[in-house]
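Below you'll find a set of structures to go through.
Okay, so chain A shows up in both of these, paired with chain B first and chain C after.
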Partner chain A sequence: MISLYRPASSWLHNHRAGHKLLALCFVSIFIFPLTSLALLLSLLMLCASMYLSLGKDGLAEMRVVVPLWPWFLMMLAFHWYSGEPVAGLVAVVKMVLMILLANLLTLSTRQSDLLSALQQGLTPITWLGFSTRPLALSVSLMIRYIPVLVLLLGQHRQAWRARGGAERRKWLLVVPALIGALRLADHVGESLTARGGVSGFR
Partner chain B sequence: MRWFRQEKSRRSALSAVSGAPAIDMRNVVYKRAGKVILDGLSLQLDERRVGIIGDNGSGKSTFARLLNGLLSPDSGTLKVFGIDATQHTASLPQFVGFLFQNPDHQILFPTVLEELAFGLTQLGLKQGDAERLAREYLRAQCRIEWADRPSQSLSEGEKQRLCLWSVLLMKPRLLVLDESFASLDLRSRYDFMAELNRQQQQLLMITHELDLLENFERIVWLHKGSVKADGDAKTVISAYKQYARNGL
Partner chain C sequence: MSNPSTERTIAQIALYAALIAALGLLPKFAIPIAGGIPITAQSLGVMLAGVMLGPVRGAIALLLFLLVVALGLPLLAGGRGGIGVFMGPSVGFLVGFPFAAFTCGLIMKLLKNSPVLPAAWFSAAVGGIAILYVFGIAGMAWKMDTTVMQAASVMVVFLPGDMLKVLLAGLIAQTVWRGMPQALISRA
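On to the complex of A and B.
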């Protein structure tokens, strides 16, 4: 399995998973309604400096968003077409920012710490008689596999180019990428089921 | 919401029926898209090591997937350690560990320790206890330095070993391997086989590599979804080789 977790330790690694998760939630809620391009761009710079602070080749970790550029282009084109080019830019910068922030969490947090944090955070649902484990496990796996899916898209592009696929018809890659994603979901699901599913054997 | 409710039925703790054979299959039919894939299989398997052989598409993987609840039979009865597989599908993995062909499809967690600990937390252990046990296990295997390695950084053979250990840590009674050797080089295969032979668990192994099965107590040859031959290793393997060379 492709992993974007960096075992190296940084100041970010040393923070509690729960705190990081909470911070990510709040920051996302704050960013979501923003419409000022200038503000978003400065936040992006801020985010980049956080990557930089991770140490050697910290900045290189930002490349996770690169394979997504066709989608960004599509968003831009769509907004351009509807006469709101700036809104397009805002949407793209916002998305890049959110992905980069989420990636900061995944690369500095062990999967099981994230899982425990989620399980703790979900405690209120136990008051309704539900168990936290299934939901926490599903969500933590989802968070973990988002960057993997992005990477998958990039791999298809390489395979396409290796076989001499025309750059212009790259949009055709959406189909194998989607199939790849479904297959990945299948494998994750099977592996999980084979070891007791989201609820385990308790 | 569905899996919340399923949760309740999973909870009912089950114990294996003592003295029941590992696998008791009667007239099991499995269909997919209108096609009969397993055609009324009846088998009682309780030997320590059972090998399953047969052509591509003969139904071996389908058979294996029935055993730990990844699939359910359309008709017939299937009991695994005395437990009705159609009723308690979700409990089967507790008794039957499954090793996939491709370790990349099995490994869920980014580091070795987490992958090993996961199965233990599935059994109800706290994360901390699970990680401690996993560490001890790694130490016993003389691989403690793997603990914090990204699972992705392991070689194919090492990954497959990680998968095996994660399953063994859950102490299943039966271990099912579906061509789990395909990506290993010859030396790793023999190493891996030797490790398997050291285990206490019952073993059900699907493979195209007949010489790995030489010492197995029993071999079943599946052909087009039915049992073509069933018996000791020597007889069944030579019959299969004969068929492979000359046809039926």
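On to the complex of A and C.
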């Protein structure tokens, strides 16, 4: 499965997922009330140097903000219209900074590490008698379902084509594919129960 | 399906969460009446999750979807993902997803005795447009530091596409209900 994680060895990869998550929370809370453009720009430079320190083509990872350019343009336009162009610039720089910082965590941390950090963070609920296993099971089930759904839709499409169905009406296949997927979910549920359920064999 | 097992519930919730992801992977299609603004099928999945699964499971399916996005899978329409998306201008929509699905499911449940098609249309319109837009516009106004009216004006271009999705959600719910009535858990 595709992931935004970027395998590499850098100082950032070596930190624990939970620590990075906490650090991101604190930094976001700190940045949120800032309104000084100069300060935000220097923080952005700092952030860019962190990308640079990730090794070669580390800086290229900053491209995640590029697709958002229509939003940035709109923000600048709205603020220009209200006569506060600087406030618009502040809002744009702040948003770019926050997204880039969060992206640092995403590209340097494996999903599995983040999930275990989350499970660890949820330890208090296990004291109340809840289990974090259904959560982990749901996450892995969902990730596994995605390619299966794509495959299912592809099979329906091939059958439709073999019967001479018109290509432009292929959206009609959504319903049979959905019913097929729901049947599959029922089977998966029964199989899980048969194999000892969410809590596994004890 | 009066008393479904935990496992079956988890399997269904995960399925709808995956469906929302799969809909986001579909290529964007531009509709002419909206001036060619590309719309995605993702919010169709939000409406379907609520209408089909009912309020609580629908909302949980969306929370699961958001969690997996936050874990770093690029499942949002346009291949976006990671924690960064919660810092962007569309954070309001993401936060609104579970509430939208909850509302869809709740209205569907309240309209238990009316025919499926109009009930699904109404639930999808209220949950998938009204509630989702309230969250989305609030999020945009906050993140973009604009007035609510300015943020709301942006949404005008998305309205035709979303109305189309409401139509589709109703038709899909109705057809699935005919073929597999027990799948409409919000009515069970």
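The working rule: the second predicted complex is superposed on the first by the 119 of 202 C-alpha atoms of A that agree within 3 Å, B and C clash if a C-alpha of one lies under 4 Å from a C-alpha of the other, contacts with A are read in each partner's own complex, and residues count from 1 in each chain.
Keep in mind that, in the parts below, a contact is a pair of C-beta atoms (placed from the backbone, for glycine too) under 8 Å apart; a residue touches a chain by one contact, two chains touch by 3 or more.
All figures in this text were calculated on a predicted structure; none of them were measured in a lab.
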### Task
Applying the touch criterion given at the start, work out whether A:Val139 contacts chain B, chain C, both or neither, answering first, second, both or neither.
second
### chain B versus chain C as contact partner of A:Met62, first or second or both or neither
neither
### Task
Return first, second, both or neither, reflecting whether A:Ser116 touches chain B, chain C, both chains, or no partner chain.
first
### Task
Once the structures are superposed on A, label A:Ser131 by its partner contacts, choosing first (chain B), second (chain C), both or neither.
first
### Message
One more residue to check, A:Val198. First (chain B), second (chain C), both or neither?
### Response
both
#### Entry: Dominant toucher of chain A (residue count), chain B or chain C
C
### Query
Given the touch rule stated above, what does A:Leu37 touch, chain B (first), chain C (second), both, or neither?
neither
### Task
Please work out whether A:Pro7 is in contact with chain B alone, chain C alone, both, or neither, and reply first, second, both or neither.
first
### Message
By the touch definition above, which chain A residues appear in both interfaces, chain B in one complex and chain C in the other?
### Response
1-5, 111, 115, 134, 141, 188, 190, 192-193, 197-198
#### Entry: Touch list for chain A against partner chain B, complex
1-5, 7, 110-112, 115-116, 130-131, 134, 141, 144, 187-188, 190-202
## Note on the structure
In the complex, the residues of chain C that touch chain A are 4-15, 17-19, 21-22, 25, 64-65, 67-68, 70-75, 78, 80-89, 143-147, 150, 154, 172, 175-176, 179-180, 183
### Summary
Note: in the complex, chain B contacts chain A through residues 3-4, 6-7, 10-11, 13, 68-70, 90-91, 93-94, 97-98, 100, 104-111, 114, 117-119, 121-124, 127, 131, 148-152, 166-167, 170
### Query
Where on chain A is chain C touching in the complex?
1-5, 24, 28, 64, 67-68, 71, 74-75, 78-79, 82, 87-88, 90-91, 95, 98-103, 105-107, 109, 111, 114-115, 118, 134, 137-139, 141-143, 145-146, 148-150, 153, 174-176, 178-179, 181-186, 188-190, 192-193, 197-198
